[in-house]
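Shared between the two complexes below is chain A, which has chain B as its partner in the first and chain C in the second.
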Partner chain A sequence: MTLETLYEVIARVKPPEKPLTAETRFVDDLGLDSLTVMELVAEVEDTFDINVPINLLPEIHTVGELAATIDRLRSEQHE
Partner chain B sequence: MSSLAARMGDLARERGHLAAAGINPFGVCMDEVTTATEAVIGGRPTILVGTNNYLGLSFAPRAIEAAVEATRRSGTGTTGSRVANGTYAIHQRLERRIADLYERPEALVFSTGYMANLAVLSTVAKPGDTILLDADSHSCIYDGCRLSGATMVRFRHNDVEDLEKRIRRLPKDRTGDLVIVVEGIYSMLGDRAPLAEIVEVKKRHGATLIVDEAHSLGVFGAKGRGLSEEAGVLDEVDFLVATFSKSVGTIGGFCVSNEAGLDLLRYTSRPYVFTASLPPPVVAAAIESIDMMEKGTHLRARLWGNVEHLHRGLTGLGLEILAAESPILAVRMPSEQALLACWMGLLEQGIYVNLALPPATPQGVYLLRCSVCAEHTREQLERVIHAFSEVTGRG
Partner chain C sequence: MITPTRSGIPRKTDFETLTAALDYAAGAESGFTFYSPRGEPLSVLPYGEMRARVDERAMQIAGLGLAPGDRVAMIGETTPDFVIAFLAAVRARLVPVPLPVAGVFTEPSRYAEQVGRQLAGCGARLFLRPDGASLLPEGADTPEMSWSELAAAPKGAAPLAEPGPDDICYLQYSSGSTRFPRGVAVTHSALVRNCRDISEAAIGAGPDDRMVSWLPLYHDMGLVGTLLAPIVAQASVDFLSTDTFARRPMVWLQLISRNRGTVSYAPCFGYDLVRRRANASQIADLDLSSWRVAGVGAEMIDPQVMERFCETFAPAGFRSEAVLASYGLAEATLGVTFAPLDRGIETDRVDPESLGRHRRAVLSNAPTARSFVRCGRPLPSQRVEIRGPNGEALPPRVAGRVVISGASVMQGYFNDPEATAKALDGEGWLDTGDVGYMAEGDLVIVGRAKDTIIVNGRNVWPQDLEWIVEQIPAVRNQSCAAFGIHEPGAGERAVVLVQSGLRDPGERAALIASAHRDILQATGLDCRIVLVPPHSLPRTSSGKLNRGLARERYLAGNFEATEADALAGSRQAVAAR
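After this line comes the complex of A and B, so read on.
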């Protein structure tokens, strides 16, 4: 569910050349630069109604890792 | 281990691309700087419109005399940290002067504005706290926040509603403190923070407010104390940080606070402890310049008159200026190519402005960034406007 929504958000920010999977890497596969990453984060925050602290970003490399982080943050911030 | 050039392949390619076109916007060398508004660059007399020297005090005779005298008396440098051999009477005098200016019990002086922010942010916030920072904050704010170990949450630039939203989203069982960080004027776009509204948010949520007045010191307020003074919220700012490297015309940074215990930063703050203190000539010049700044109503009047003149001239050419709220006039260019061509063209006409492009600016925003000085003459500003009309093909 999270993953499906996340695919849509990513496609809005930067349309991917290949179909997205949980293993897709933001920098190596999608070629996101630092500004696009921040734009994507802002979109994710609004879509899922969460804050994504920027300290977490260095640990997130793949779409799947971001989806897992979103799920964790939603449960923390919406309880 | 791979070479630096190999590890930074993209950057190396980009630099090579610009160099091949004969452009090195970040490697301009001033052969000589002759006044607050004039230099010789590449053998050509040039008007400086990109120095952040808002009051023109870097050439104030009083400051120069004081610096020369301090050098003769106390030498060119302290060769030591403030907590070892690097605190001279003149450092304490400067701190007293700033504390009196802000009517606070104490002021702390740092060796640069960058270090002032690193020191204050990394000490005020701690792991478990949450820092809410404006997305357009200067790098030293980001770095200071990172050093603190606190959770960093960005809010949309100057968007108080977004700030509120982010506070609402914080975990309900949060135990740490809330810290809000903003700037007075944002250095690239030249727009002001909505300080009065941010103070309301701060009060509503019991947060600590840190304001970096780097670009607004000397420019706003009856005594030049910054946007906090102009907005009438000085007492609500818990930590006010600023630099001497813009309106004060030298280098260094400071912090004033209402909080008891600011003094403890002298022992706990690594950017204060582990670096050499400011050299005596720099401190002496800062004391004189702060005095001129406080009494500088005439300088601010000249500055704002110049801002208005340049703004009118540039918008008269049909150019888009992003914000008309400060001495930073950011002229928007349609593309990177147009930006580089115009910037080079201005330099060839003897006009130096700053070139600003992503990631220093938001995506797709290309700026010829002008900063106005109280010492600019109308004739200089007319030459600037004329050069803009030539290089942009307008007017």
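After this line comes the complex of A and C, so read on.
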């Protein structure tokens, strides 16, 4: 569910050349530069109604990892 | 709750030291307000409370047993903690050294290494950082404290001796590579003079001025322009973090609109980013009619970018005359020249042929003419000259090296006599490394002779990019050349030329892809990688890489990519792993 919505968010920010999967890498596969990453973060925050702490970002490399982080932040921030 | 715009006391800007300026501001009602990533006020720091907290923190720092002049490095984040710690170190006659906040992309270990190099470079005796995990690299022995630990420390002996005008106020490390840092030593007198010039002569600050800023406070434009100059003029400032701006650039304009902001600066890229991200309904909700100084500087100003910004936000009441071009650098504290108020961007259209070949800026209306932004006249305490290759002063409309002198120009880099001797001549003239000409009293910058690349408002040092690529096993040391190229309307792009003897198109494509990926991962920059034949990069007689010449040859088409390489280059993002 989160993953499906996340695919749509990513496609809005930067249309991918290949279909997105949980293994798609933001930098290596999608070629996102740092500004586009920040735009994506803002879209994710608005779509999922969460705050994404900036210091989590260096640890997130794949779409699947971001989806898992979103789920964790949602349960923490919407208790 | 936010701080009021009016200070409630007579405005005064002639102080001898930053501490004297803070003491005076303490009587004002104005001060700083810090905002959340969604633009809600998080905390206020009126000048009176600021001074009380600074005095207390200064005694706590004094209790740590440091000697006057000792360097205190600290992470320059946009928070009251940093502001208090910075000013407290100054009050305790120590020398604060603001360090960059971690980049979004930076791996923690790489960031720790960078912090370690900076601490070593300035010989820091104390390192202050946000609460949370240590930021030191392994083996570093600088004592480290978090903001909270310092706030809980016992107070040392009072009263404290006051710093004097000739004392070093702080070190500014925005000049020089992260691998070879160079710190500008800024004295109290240089600082307060530049702050006063900026407030009085450049922007004509008045009682109804209110500043809004997202600029990083570890850079000169953010630190001097939006933190220290407002203290010296008792003005209120609304602060957003730089991360907030990168995530939600429109929050910047929404704050100006909501708080009736009048003064806000940004590099050209900031104006471009907010324009690209703005949508029609957001623009319809804005009222930017109060914005009287939209300062732009810190990198080459692209007139097209500013024009598009003005067009996009005209329906929100933005006046294009508000755009104020300026020129400055850390070695001059911050500001050197400012365009006149209320004129907007004024350009000089010149013939590129005469400029390139004969260094003469001949006005031209031909379609091939290049537009350069007029950056205005020197501030009262700054002098600007254009000099030729042999140090001779050049007449108007002849381009040469921009040199400056005056009360706000540095006396040297901290602990680096060699770099200081290169930058300053015996009479105190500083070679800025930039190339420009004078026209009717205005300074026009045409290029930077320094190797610095400025992408998205960030200084990137070519040595750093070259070093990253040279870590790839197939690439030898000293076989890369990085530089910036200007793409009209799109800003600056970093190019890395990589010497390689590989012949197989697949291997070449793989090398291009790895170099591109490694730079993207380390710095977040989308660079152009071009493979060039072995021994083809130009070098000086002493064997040193000549980046300027490499760049010229690249622009002249001497390093055309093969068709297969160009294809690999355009697909760099899709890694060939």
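In the analysis below, the second predicted complex is superposed on the first by the 79 of 79 C-alpha atoms of A that agree within 3 Å, B and C clash if a C-alpha of one lies under 4 Å from a C-alpha of the other, contacts with A are read in each partner's own complex, and residues count from 1 in each chain.
Note that in this section contacts are C-beta pairs under 8 Å (C-beta built on N, C-alpha and C of every residue); 3 or more make two chains touch, one makes a residue touch a chain.
Bear in mind that the values here come from a model prediction, so they are computed numbers and not experimental data.
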Check your understanding: With the two structures laid over each other on chain A, which partner does A:Ile50 touch: chain B (first), chain C (second), both, or neither?
Key -> first
Check your understanding: After lining up the shared chain so the two structures overlap, which partner does A:Glu17 touch, if you call chain B first and chain C second: first, second, both or neither?
Key -> second
Exercise for review: Check the residue A:Asp28 against both partner chains and state whether it touches chain B (first), chain C (second), both, or neither.
Suggested key: second
Check your understanding: Which holds for A:Met38: it touches chain B only (first), chain C only (second), both, or neither?
Key -> both
**Study point:** chain A residues touched - chain C or chain B, whichever exceeds
**Key:** C
Exercise for review: Please work out whether A:Gln77 is in contact with chain B alone, chain C alone, both, or neither, and reply first, second, both or neither.
Suggested key: first
Study note, to complete from the structure: The intersection of the chain A residues contacting chain B with those contacting chain C is 33-35, 38-39, 42, 51, 54-55
Study note, to complete from the structure: In their shared complex, chain B is touched by residues of chain A numbered 33-36, 38-39, 42, 49-51, 53-55, 76-77, 79
Exercise for review: In the complex, go through chain C and note every residue touching chain A.
Suggested key: 37, 102-108, 132, 243, 246-248, 273, 277, 456, 517, 520-521, 523-526, 572-575, 577
Exercise for review: Please name which positions on chain A make contact with chain C in the complex.
Suggested key: 17-18, 27-31, 33-35, 37-39, 41-42, 45, 51, 54-55, 57-58
Exercise for review: Write out the stretch or stretches of chain B touching chain A in their complex.
Suggested key: 130, 135, 146, 151-154, 156, 166, 169-173, 358-359, 362-363
